[in-house]
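One structure below.
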């Protein structure tokens, strides 16, 4: 029992529908998160390593141990074009698991980005490559390659549950996980939501109040809001 | 789409086998975590509200919103004797979601404890009741009852994935989640592991070194360890 | 302008009504905070240095600089029996501003406790004295006495606004500030609230659900809660 | 008593003198903070969402609950040209209370910026608009609109006390609150201070030591400083 | 170059003079820290795992990697009666590096305690043994044994520099490191300091003010302190 | 004893060999840290105040007290061209110890940068000057000049031990300290390491897997890695 939990690489995973992924890639994380009913968001300590980083792809998941990036090398082989690597760690750790060489390798394999609940290094080089990386920390500290983790198993990354093949969307506002099974639905809901915003933006820009546009005054009064001078 | 994610209470959940739960309750969290291959541990910021608190039960899960404990009241009805309530929140929040009255209610329904990724209050009273509570924080701040969450849906609580019916073991060392499907196996592995420790303890207490008992010297030498004067 | 903000000791402050203070001292922080409409709570990082510490008194406020406890000595002279010292700092700092000697002095002057947004030391000795101290941290590090702060000016301590003479109640659940002007009202509200709880406790202990006792089922259904099997 | 604390909107507030606000807007936060005697600074966890953000205005204050941004919509109506919205929360919470639509609305009403002890989203869009926002966090997570807070009541925001109408200055160095009553004085002191710096800068750039320019050598020797080889 | 930094065990270290260690063991950390001129204190996040834990011994140092406790086993062999093990880690990590079995072994070898900038587990059992442990965290998570660190090299542990053989004193107030070369001097200074406190305590308990006892009034007046009514 | 620890300025320090410093300045922190056997890295909370900041120089060390920057002025006189100032503090403190005027002075004296375990202010001005500063925080809060620290004594800064004259390299990935005695060796090792990377980068960019390039497959299989479908 005690050794079976790590050391597994799943090669055949069911990736979310490509059309849904492409559609989701058009929307921001805030929109997708709303469209999905406000579920699946990672913690706010995850940040892009450069301003403007944005990525949307199908998850290749990695479970690593603190201070050990062996499984990122194993994961590279499992990457298919359009994938985003989602790396979780069995304990909070800010070591630099990932740097320019792995970024070069991941990109060569077709990866569209990396989300890692750990640290990364070579951030100037990776930023210059415009390879989108979202991490818990930046650290120059290298890692060993000595203990097995797993690739393409379900993981909890930065507070969100991720299955291999799920869609992950990441931008300056955060990172959201969309289960593969509902990717198309969520993409449609995102589209509907976005369509709805242009008109609101225009009305608000013209000075109309949200109080009126969203018809909040009655509910506020009912809740007991009092205006005083 | 955008409202379907919350507002669900699942009434019939499959709880882990009672015998396995009972067996697991004999072991500490460190032992169970090892027995399960080092998976399923919650984050270290979760702490018992009193020294010596310990609990082992089947999970009734709750998904709450920051500052809103409405779903804890809904969850109370779903508690069966032997359950432990596992409360997750959609964002980090330390409000006092739970106090003496809810503890009284939960205990009356048969709950053996609470694990909450949020704050609790009335800690002196709850400690005096010896109702085991493990939380992210202690806070006197009360919460509202206005937004729907869910009960008995899968949640991520303090970094660990929990399905309704899973076994959760909590003590001074932390909190571990054992999936219902493997609870019996993990309980057996924990038993085997514990049996193994008494002899080790005796030998170490007699002054034998772990270096010898675990036969580490060769591996250390091979890895290049150098003794200098 | 630039030096006038510090270096002031106000000797005559208006303390809250003694009867109100005494009445408030009977209730826990959670109750008082509710009674006051959920305002005035300090941050959750403030913790008692020993289990069971509890204090209720009228505030003598202190504004200190990081690493400098000079003003605590100045404050000692302003303490009257029944006062609680509330020490704020111009920046987050965990130095040990307060130890056994100052605790001895404060107690000799009649202080009933200390709330300090900083560190304290000699915690075993102060605990043995049963002098209630609530702090941000514990630190052996001593402080200098070289820069003027102020005594009995309005301060923000651990996120709560405190005026000299306000009532401060502190226990294991946290720390709440009650403005002197409304102390009697809040005390009455706390009393009413407490009276109300005994009956609820009894009904919940008998197995009645909060859902029924608080009549939540209609509101939940209206909000859209769905029970599934 | 227990419901009166929230649910208030004050419509007529006394804003600081316009000339003083304009004068203060010329100086950086570090200068204004010094000019005010080193009081009124918010905590360092508050950061601009884009490099170069700077704002100076009169405070419209908001008190919100965790996960609930209803009061920001209520506040929009109270904004007058030149105001800066200061949003505090009753508990630490990083949800995305504010996004592009509210930014559009606030700007349309004449707001010069937002300071929020919470999270914001749509940061790329808001940065592109160059609407200055200073926040505790960035989060894609939306908020509900269900519980009353207040508008234009005194608040503690990120550790600083703010009254409606006070001047708030924010830039890359932090955020400082200047009480309306002393805004003109502080503006004058800031001007005097700034005038004084040009000469110092020139002398230091020429290689003169602060030790000499500030005449510190005597005080250092008196304090016991020892030079060794 | 790149592999020489780890993998060293120094067997012969010069331990601080036994008499000085014994003398230092009589004083609290706050006193020793003052006696040493306020140097050598570890960070405040280091806490005892049970109330009342206290230890004073000569340092056997360990440098570990995140998630790897191999070197603690190596260190056990180097322990001599009266030693305290000081374990540092190359990166912040809260894994449970140390548990009951190692505590049993360390005690059997004569260790008087453990200070570890990492996590520990089996805290109830170790507390029952009354083996003093001071740590950054408590975690049930076990560690691997695969990468070499070092034993008895200079380390930085929780922000303090420690050489093998230095005296380390730990209690509820914190942890202080006294270099072996000055242990006797610091012990004498601690003794002198302590002698001095009894009289002060008595005078303060009698109501005398620190302002008078320490003759602070002139300095305060000179600094500009103003008393107002 | 109790006053000797502070108040020392060492004037003649042995700086690392200039050629080694120059050579080290060509490499990134990640490379230098690897070349040194993964020792000497500061904590990850230290960040550059502007994107692209990079510095390499010989350390002039400063030991300050919280809220007091007097010693930075003392340090200015000890700066020689090519030095980098390394400022440590006796307790965690985020005050703005350093601003534009000191940056002007440090640069005039020949300093190539500042690493400070504390806060800084005037970050827009210092960024415009392109004076590289790496700090724990940004804060507008000024500091006093009243308590002696030391200059050019050994310090622990952000978790790393620094001796005056050591080489410190800082960039976007972090900050590493190279002891003066081994600076040339580490520089050579860095050069060798870098030479080795160009070829690897090319092969990875061409799609070769790290698994093959680093010949990891055997070790992974031996460790028990299992591929499943």
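For clarity, chains are labelled A, B, C, D, E and F in written order, and residue numbers in each chain start from 1.
Note that in this section a contact is a pair of C-beta atoms (placed from the backbone, for glycine too) under 8 Å apart; a residue touches a chain by one contact, two chains touch by 3 or more.
Just so it is clear, the structure is predicted and the values come from calculations on it, not from any experiment.
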| item | value |
| --- | --- |
| Joint neighbours of chain E and chain B, given as chain labels | A, C |
| Other chains in touch with both chain C and chain D | B, F |
| Comparison of B-C and B-D (more C-beta pairs in contact) | B-C |
| Listed pair (C-F, B-C or C-D) duplicating the B-E contact set, over half by residue number | B-C |
| Whole-Å gap between the CA centroids of chain D and chain E | 41 |
| Distance from chain E to chain C - Cα centre to Cα centre, in angstrom | 31 |
| Chain F residues counted as touching two or more neighbouring chains | 3, 34, 38, 41, 44, 90, 92, 94, 139, 141, 147 |
| Touching chain combinations (by label order) | A-B, A-D, A-E, A-F, B-C, B-D, B-E, C-D, C-E, C-F, D-F, E-F |
| Touch list for chain B against partner chain A, complex | 1-6, 34-39, 41, 43-44, 90, 92, 154, 156, 159-161, 185-186, 188-189, 193 |
| Interface residues, chain A side, partner chain E - complex | 65-68, 90-95, 139, 141, 144, 146-147 |
| Chain E-touching residues of chain C, taken from the complex the two chains share | 3, 7-12, 70, 73-74, 76-77, 94, 96, 99-102, 104-105, 107-109, 119, 121-124, 137-142, 145, 147-148 |
| Chain C - residues contacting chain B, complex | 28-30, 33-34, 38, 41, 44, 47, 52, 171-174, 176, 197, 200-201, 204-211, 214, 216, 219-220, 223-229 |
